[in-house]
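Each structure below is given as structure tokens.
Two complexes follow with chain A in common, the first pairing it with chain B and the second with chain C.
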Partner chain A sequence: MVSKTEETQLSNLETQVDNGGGGAWEYLSLVRKLKVRRSDRVLKHGLSILNDPKKRSSLGPDEWTLYEQVAVAAMDCQSLDVAKDCIKVLQKKFPESKRVGRLEGMLLEAKGAWAEAEKAYSSLLEDNPLDQVIHKRRVAMAKAQGNVSVAIEWLNKYLEIFMADHDAWRELAEIYVSLQMYKQAAFCYEELILSQSMVPLFHLAYADVLYTLGGLENLQNAKKYYASTIDLTGGKNTRALFGICLCSSAIGQIAKGRNKDDKESPELQSLAATALEREYKHKASDKLSLLTAALKGLKVPS
Partner chain B sequence: MGGESRYEIAQNAYMKIVLHALKHKSSAVNAVLLGRVSPTNDVVEITDSVPLFHSHLGLLPQLEISLILIEEHYAAKGVNIVGYFHANERFDDYELSGVAKNVGDHIYRYFPQAAILLLDNKKLEALPKGKDRSPVMQLYTRDSSKNWKLAGGEGSSQLTIKEPAANAVLLDYISTEKWQDVVDFDDHLDDISKDWLNPELFK
Partner chain C sequence: MAEDLVLDTAIRDWVLIPLSVVMVLIGILRHFVSKLMRSSQVPDAKIIKEGQLIVRARNLRSGANFIPPRSFRARRFYFSNEENGLLHVPKGQAPNPQAQMFSDPNMAMDMMKKNLSMIIPQTLTFAWVNFFFSGFVAAKIPFPLTQRFRSMLQNGIDLSTVDVSYVSSRSWYFLNLFGLRGLFSLILGEDNATDDTQRMMQMSGFGFDPTKSLGAEKDSLDIVQHDWALPKFEQRAEAVLRKVLS
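Let's turn to the complex of A and B:
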């Protein structure tokens, strides 16, 4: 998960390095820290350092970290020869290393040699049954081969042991959403909100899933979580503002049919609508008329 | 029913969605197709496309908002939503997902000749090697039993690109990594100053 400031910092560095302005090592370190996937650039800029003996030696012990990072990036870009070379260097430096053993397993994955990769990982797990990375590689392999149900099963087993792994919960939620298993996805977001209640992203995702599930109770809850997202983001989250408007409209439709007294706070939706119009006027004025028409269609007073 | 309808996609509409898919190589992506039925020969002309999302394709709120805004914009020009484009996450996945079918069904309610286009990754990969002028996507239409059926076989001309040299132009854009400039609805919702109409993309 990357914040907006981190994203800006990353793309600034990226432009700088792409245009020959130096800072390759800073860029590569930031990519590692933020755990983002920029494999084509990592490969390009990483190799430029590794292939230059002076630059390489100036890294000191970080040289090996870079070999590992470039190996993974190379596999992502299907440059398997580069990956193999990097791994060979690491094997020479760290024989018997489990961390290098993992890379060997990943290389088998990259080649599509699923059975061999599975064997490699299983044997590594025998000596180290609590290796989180390898457990997750097996889930990734199942996913890559299209065995989504196996991936889900293993990911669930993994989370029984490593229930604090937020990335794994998010991955599971995303898999469920892609399969339209919204109740299960909601459960994952509930776990995330329980353990990290101040992260707006989880509130937002949860609200989105509740809205998708539909029904009066889910819509009312979705509205609450859009509201908490707005709270946690100081009113700056466009998706949550739209969410409020969509919920109000949908709730209004259901309540109308039931003749129920849905004494929802109408202020919330008009506030959201006003906030949206202000934002669009400020940053996307050519789309303002579209927005106003859309809000009118949703019957949201503003 | 769109069983035997012919579809013609304009070059820019076509390139935009392929480039969008290439921008997000490790995710599923989707897009909405806009156009009209030709009054002269009943061909469904796909004149434009709007790339939608590259994450959480199965969630409703962003889809609903995007469709409302898109319809609002294009209705003023007499253009409506005529189809849906989907690219699966995995290279060799040629299955039409539930999400794709649901969106397709929704569009079908308003436009019975609705089409679903599915990115054909193997064809896309083979593009630089041959002189194929056919689009790198599969066409699905609704048959009489309400199922989405794959149209035609090899060499079927039910889906064509309006400009014959489109693939050559596309390859050119790919080589210059033009996909970096494609803005989708996800990008817009994250930063509304980004324009999902992509007005300057092919200028």
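Let's turn to the complex of A and C:
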């Protein structure tokens, strides 16, 4: 997760570099550090540095890191010739290197030669069975080929060893949601909440999954997690506000007749509805009538 | 009785400063030599798995109040289950560390290399200091000391009437040994090879981390009481929304 200050710093550098000011190298280093995906810009500015022999030599040993970064960006933008040239340069400098081998595998993957890429990755894994990036690339390949069940199997095996990798848990959760395996997705989101409990995104996703699963207890839990999202985002998250309204009405429908303990938060639904109306008034006032109609339909039958 | 001895400035020029300079240079040399000699460590699958397991168990402990009680209990059972829980180390496997240390040739070599690179320069420098710089007063410590320190600090000086604050160059060597650590972390960046004191502490307690910390994690996990924080969040959300709307 990129913090706010880093995000502003990144966008500042971006505008500076795009408009012809200097600072391309700082921008590329920041992108590398934060692991964000800005492949077109990286490609453009990276190539401008690499093609200029004076700037290239001023980089010193960082030159090779830049080659690697530009190669990956080129593959992302489908400029395979650029990528091939970069990899060739790296190969000349570092023959027999695992990192370069990985780049070659990625190039095969980018070309669409799945079987050969698979072979390359398996041979790399034999020498180095604990390389996290290669494992993840295999999963990504399976997913790209549409072979989601194989991707799940591999991702699970990966997580058996590297169980503290929260990016992998997130990917697994999203795959499960796409396959409508909500119980397993809920498990993955719980893992994410455990490791990063103050990130509202995961609370929101977990609440969504719980709401989709349905059932009184899940709905009540979903409502609680929507509430925690609201708390963590200071009431600005529209989806959470909607979630509260929907959950409350759904709970009301199921628990009709039984006086469930609504003493916890009797006003939450009305507050959420009012907050929603205010947001719509600010941002999309033409849709306000739609909103009011929808909310009226959701009113809890008391 | 304690008259102020006036120390020749030549001592400062020819003893204190050269000694410090030599120690700094030797430290830098050691750092680069150890970098060259360091063999690439092949990460062991079991160790990595255990490390990650510990992180996950710790996450479970810290975030326990954010997930529903049933999920928490399921996970705790998964971890500390008697038969096949992940954190449960069967008694037989526990006395592993010593045997493993010596049976793994790579690790023994690594340890020996690290020890050697630390001990040899220290010994040589100490001998050099003793040989060349003994028999005279090198410096004065700015605060008074008791007589007990005499044997330690005034080793080459055979006069018993000299104030204990006047020390020999051996104590200057020791002072540099421990004091230059800060300087090295400035020059060479963190995690340099000259961090002797840390390594000395580590040498004494080289238990194999995983098995012991697994047991520790299991115990702390058993202690945790699950206090579900989420219900409170509903009220907090109410408060937040009220504030936003007011």
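Quick note on the criterion: the second predicted complex is superposed on the first by the 255 of 302 C-alpha atoms of A that agree within 3 Å, B and C clash if a C-alpha of one lies under 4 Å from a C-alpha of the other, contacts with A are read in each partner's own complex, and residues count from 1 in each chain.
Operating definition for what follows: contacts are C-beta pairs under 8 Å (C-beta built on N, C-alpha and C of every residue); 3 or more make two chains touch, one makes a residue touch a chain.
Since we're looking at a predicted model, the values are computed, not measured.
Of the two partner chains placed by the overlay, neither chain B nor chain C lies in contact with A:74. Once the two complexes are laid over each other on the shared chain, residue contacts for A:106 go to neither chain B nor chain C. Of the two partner chains placed by the overlay, only chain B lies in contact with A:243; chain C stays clear of it.
Once the two complexes are laid over each other on the shared chain, residue contacts for A:130 go to chain C alone; chain B is not touched.
In the superposition on chain A, A:228 contacts chain C only, with no contact to chain B. Judged by the document's definition of touching, no chain A residue lies at the interface with chain B and also at the interface with chain C. Residue ranges of chain A in contact with chain C, taken from their complex: 129-130, 160-165, 187, 190-191, 193-195, 197, 221, 223-228, 230-231, 234-235, 244, 264-265, 267-268, 271-272, 274-275, 278.
Within the complex, the chain B residues that touch chain A are 26, 28, 55-62, 64-65, 68-69, 72-73, 89-90, 92-93, 97-99, 102, 189-190, 192-193, 195. Of all residues in chain A, those touching chain B in their complex are 37, 144, 146, 174, 177-180, 182, 205, 207-209, 211-212, 238-239, 242-243, 246, 279-280, 283-284, 286-287, 290-291, 293-294, 297-298. Put simply, chain C touches chain A in their complex at residues 43, 45, 48-49, 52-53, 55-56, 59-60, 62-64, 66-68, 71, 230-231, 233-238, 240-245.
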